[in-house]
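Each of the next two complexes has chain A plus one other chain: chain B in the first, chain C in the second.
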Partner chain A sequence: MTWKQRLGSAIPYILLTILTIPVFVGYLWIIISTFSGRTYGLVPVDSQGNFGGLTLENWSFLWEDPNIWFVTLNTLLLSVLLTVGVVIISALAGYALSRISFPGRKTFLAGTLILHAFPSVTLLISIYFVLRWISNLPVLGKGLPIIGGFGYNTVGGVALVMVSLSLPLGIWLMKGFFDNVSWDMERAALIDGCSRLRVWWEIMLPSIKPGIAALSIFTFITGWGAFLIPYTFITDQEKSTLAAYLNSLMGETAPVNYSRVAAVGLFQLIPVLFFFIFTQEYLLSIFSGGSKGGT
Partner chain B sequence: MTTTAVPAEPVPMRVSYRDRLRRLVSPMLFMTPAGVLTVAFFFLPVIILFGISLTNLSSSTGFKNYEWVGFENYVKIVQNPLTKLNLIATIKYVSLTLVFFNIGMALVVALLSTHISRRAGFVYRALWLLPRLTPSVVYIMMWKFIGADSPYGIMNQHVLEPLGLSTANWVAARPWLFVILTNGFIGASFGMIIFTSAIESIPRDYMIAAQVDGCNAWQRIRHVILPMMRWPLLFVVTYQTLSLLTSFEQIYLLTDGAGGTEVWALWAYHRALNNYWGNFQWGFGAALAMVLVAIGIVASVVYMRFFQFNALVQEPKIEAM
Partner chain C sequence: MKVLLENLSKHFGSVVAVDGVTLDIRDSEFVAFLGPSGCGKTTTLLMVAGIYKPTTGIVKFDERVVNHLAPRDRKIGMVFQSYALYPHMTVYQNLTFPMRLSKVPKSEMEARAKEAADILGIGALMDRRPGQLSGGQQQRVALGRALAKQPDLLLFDEPLSNLDARLRLSMRGEIKRLQMELGITSIYVTHDQVEAMTMADRIAVIREGKLQAYATSDELYDQPRTLFIAGFVGNPPMNLIEVEVLQEGDSYRARRNGFDLQLSEARGHKAAGRGKVILGIRPEDVSIGDRGLRGEVYVVEPLGRDDLLDVHVGDASVHVLADPSLHLKIGDQVQLGLNVDKVQFFDPESEQSLLWA
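Take a look at the complex of A and B:
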């Protein structure tokens, strides 16, 4: 290869690296910043502005502020509820839509597809009223242990809303995964007198494990980072989620202590980065399978 | 798919009434949870939203003393002096983000990452997926710091000062730039993935033929790749226009509508659910949201017609047993 050809083949790398810089820089900053007293740009400095000042003090919120553990538990609870709900309900509906012919099937599929493209955030105002109505129901509204219920201002209610809004994507993906499973075994089982539900549980679910894994990871990450819906429908600080907590930190003190806020941000980012590093392929497959574009 | 010899469908004998009913039971079992939630959080809300938009329901009227006002809220939207400003902001936001990032950047990254080694291309695409997976509050915090005041901000400290240029708090000074950058870096990944699979599915022969004919890289892109990507391009444009039109979470976190960045969806949200005065105008906000819902319904129906819906919903191969 001549030097000219070599340069030619390097150009895409150089361009891509330049374009990707803002992504790098943001994550680099958050990591540096959490271990420094303050930073000038990406350089950690001490109180005089000289290089240095590395510290673990920003992480003191982990033992000094009990709220962080409440909101972390809430966020975890929300993400788990969301994941379990979305996976089970979409796997049920996806199976029926893929394998059973019943009246209304086509309508439901069309509806799912339309809702998939439909901008659900515009419905927040009326969902607020639906949640307030659920709140008035006995027990279910706000009398349940741990999740609080399914009404307004409860973790369960927010999970319910988020499950519903995630269903079009979930059902569509699950139907796609089921469509690709050969149905010889299933047919044999049905002829032997297995019920549909048992076929679903014992034959179909095990054969779409990778699909379930991909949808679970994606849904978990969505729930873990969710801001708008928990922030809108949960008013009590102690029931709120990590994202809302972080947002309130950024708003409260006049000169924002970025290093401390960054530590909370990195704390929230850890599970996302973990999943990202080990499961990128799964995640990319979700998006090529038909994505609900956030923006 | 499987084309193995499949026993012919059993000839349907006379199906008794009980059997027919029994056949409905299992699909019902499978569909009920999804059905109930879809009705409760999609269909009912659309109807409720329209209903609320016809009232003067607000935190000052309370839930009991509101009145039906017909289409007054819609008239108010037309007369409101903010309408024009927010409409312009919305158009600006959607078109600039779409052109520069959701289409432009997506195409550039897809083209570049398919012309390098497979492994490296995958790594770059994965990196571009990261902003979408990052919790929005953390993500916006990074951008706020990139643009923060001197000496803290990254842009000021590492780019502008060494060049001797003036510094500022750039999120406040150039709100539009940051609104488009933050949303763009999230939005680009959607198109990137679709375009990448489209580019990868172009037969290699075409590329080789073009190279034999002496096309340079740009000519290959212009005359071979782009013409074959008409459908994916159209798909991404329509889908992302709708998404952008109704997304406001990042703008809310970044500028909260300051500096002329109050887009339509954020306006509705502010009026109905989130404002400093605690005066929630659910009626007016619902009318604002209803405008977007109407656009959404029309767009998604048109879009279904357009992208050959019937091919996607073929009858299942296995019959109910």
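Take a look at the complex of A and C:
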């Protein structure tokens, strides 16, 4: 290899490195600042401005504030509810839209796409009224154990809203994956004795496992980082989700302790990071396997 | 089981995929649907399977109308071009899946799966998954799955198209032998006329959704009823030459520029006096000799057993199967003898045969 060829093959790496540096520095700053009283750039400093001042003080919320564990469990609950809801509904709807022709199918597909384009902020007020109405329903509103219910100021209610907002993407993704399963296989199963529902369960779902895995991971991460909806529809910020808890640290009255914010942020990041490392190859299949094919 | 299709049609929107097909299939008969791709043969098969609902017309199994019967209630086995094996199941699970759904007892299920696997020589592969098998093995598993459920009717949708030529040849014979031994009524869809002719008892030639002919392979070959069949059946295909047939006293002659052929009276008089007609003659019915039409060798394609020659007679091109030992070269002058008892005549407008209409 001549030096020209070497340079040629090195250019993508150089470019990628340059582009990654800001992100990398950002994460580095978070990690360093969680263990220091204050920082000067990336250097931890003590009150005199000399190198030092390393401390675990910023992590004290883990043992001093019981709310953090409550909030973490809440976030987990929300993510699981969101994932289960989105995957089940998308897998059913995606199959129907991919395989069955019925009146209004194209309109429905186009409609979901438009809904997906809507910023959810615009819907906040109307959703508030819907949730208030659900709250008035007996039991379902706010009388259920664990999730509280599906009304205003409950984890279930937030999950309900987030499921509906995530469905357009999920349905299109699942439809894309189902589109790639050969018709012959489905026909073979129908001839071999399956009902349509059984084809879905025994033949189609196992064939799109990577798609289901990808959608689950993607949705779970969305739920884990959710801020706007839980922040809006759960009144007690300290008891809603991690993202809202993080926000509550940045009050308007007291000076913000950014090192603590960084520590909570890192705490929220760790599970996602591990999750991501082990599942990234499934996530890639969203772009390679799914969302292909038209209406 | 007998199968009867009566005036069967299928429309997709404004597209007519199958147009009024009527045919009957006898018990234990092996029937091929033959036609170019997109002619509606697979659509017809899928209507027999119950996957598509006919737009009009009736499908009958024995005396029973099955139009509204779901595929799973029709007792059919089907083999697909893409094999359509279930990738997440082992070979054994694939073979027994239909039986599991119809709640066959486990011991019988195992026995039937083993029997099918033994017949097809896939007994050693039972624990593998389809992804670990070669194309030929997958095809055997697909066939085994269709056989193990003991269907009344077997449907084949171009099952050999994805196999290499050699394997296709051996599977062809195997499917034919199995079908005869088991005596299961079968429909075999193919675009390969050799497959259809070698395997089927009767062949339904379909073109643009319409049934062109339904006959034995000999009849299709020797008495093609339309120009389409004449050109589609047989390899290398029949020569089709536009001529004018003239009666001169008792003799009939087919003529065009540089082409003059004495015909037999039986065939000649049906084509005479009609202006331009199309003369058909198969390459194997043309011989190189020292009498007959004069022509010049234009192309030589050695096929091993024969040489396929393209000989220009006047401005017409005639394909001839010739003995390679003649060592003919491009540019050689030859004389062609046409077997006048094998010539066909077609009307250029209606494309119908003038001999067998």
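Keep in mind that, in the parts below, the second predicted complex is superposed on the first by the 247 of 295 C-alpha atoms of A that agree within 3 Å, B and C clash if a C-alpha of one lies under 4 Å from a C-alpha of the other, contacts with A are read in each partner's own complex, and residues count from 1 in each chain.
The criterion applied here is as follows: a residue touches a chain if its C-beta (ideal position, glycine included) is under 8 Å from a C-beta of that chain, and two chains touch if they have at least 3 such contacts.
Small disclaimer: the values here were computed from a predicted structure and weren't measured.
Of the two partner chains placed by the overlay, only chain C lies in contact with A:Asp192; chain B stays clear of it. Look at A:Phe118: by the touch rule set out above, it reaches chain B but stays clear of chain C.
Of the two partner chains placed around the shared chain by superposition, chain C is the only one that A:Ile203 touches, whereas chain B remains out of contact.
In the superposed pair of complexes, A:Trp63 makes contact with neither chain B nor chain C. In the superposed pair of complexes, A:Ser182 makes contact with chain B and with chain C alike.
With both structures placed on the common chain, the touch criterion links A:Leu92 to chain B but leaves chain C unconnected.
In the superposed model, B is the one of chain B and chain C that contacts more residues of chain A.
When the two structures are aligned on the shared chain, A:Trp3 is found in touch with neither chain B nor chain C. Residues common to the contacts of chain A with chain B and with chain C across the two structures: 182, 184, 187, 190-191, 195. On the side of chain C, the complex with chain A involves touching residues 46, 49-51, 70-72, 74, 76-78, 80-88, 97-98, 101-102, 145, 149, 157. Within the complex formed with chain C, the chain A residues making contact are 182, 184-185, 187-195, 198, 203, 206-207, 209. Within the complex, the chain A residues that touch chain B are 9, 12-13, 15-16, 19-20, 22-27, 29-30, 33, 38-43, 49, 88-90, 92-93, 95-103, 105-106, 108-111, 113-115, 117-130, 160-161, 163-165, 167, 171, 180, 182-184, 186-187, 190-191, 195-197, 200, 221, 224-228, 232, 242-244, 246-247, 250, 258, 261-262, 265-266, 268-269, 272, 275-276, 280, 283-284, 287-288, 291, 293-295.
Note for the complex: chain B touches chain A at residues 1-2, 4, 23-24, 26-27, 29-31, 33-35, 37-38, 40-42, 44-46, 48-49, 52, 97, 102, 105, 108-109, 112-113, 115-116, 120, 122, 124-139, 141-146, 148, 151-154, 156-158, 181, 183, 185-187, 189-190, 193-194, 197, 239-240, 242-250, 252-253, 265, 268-269, 272-274, 282, 285-286, 289, 292-293, 296-297, 299-301, 303-304, 309, 312-313, 315-321.
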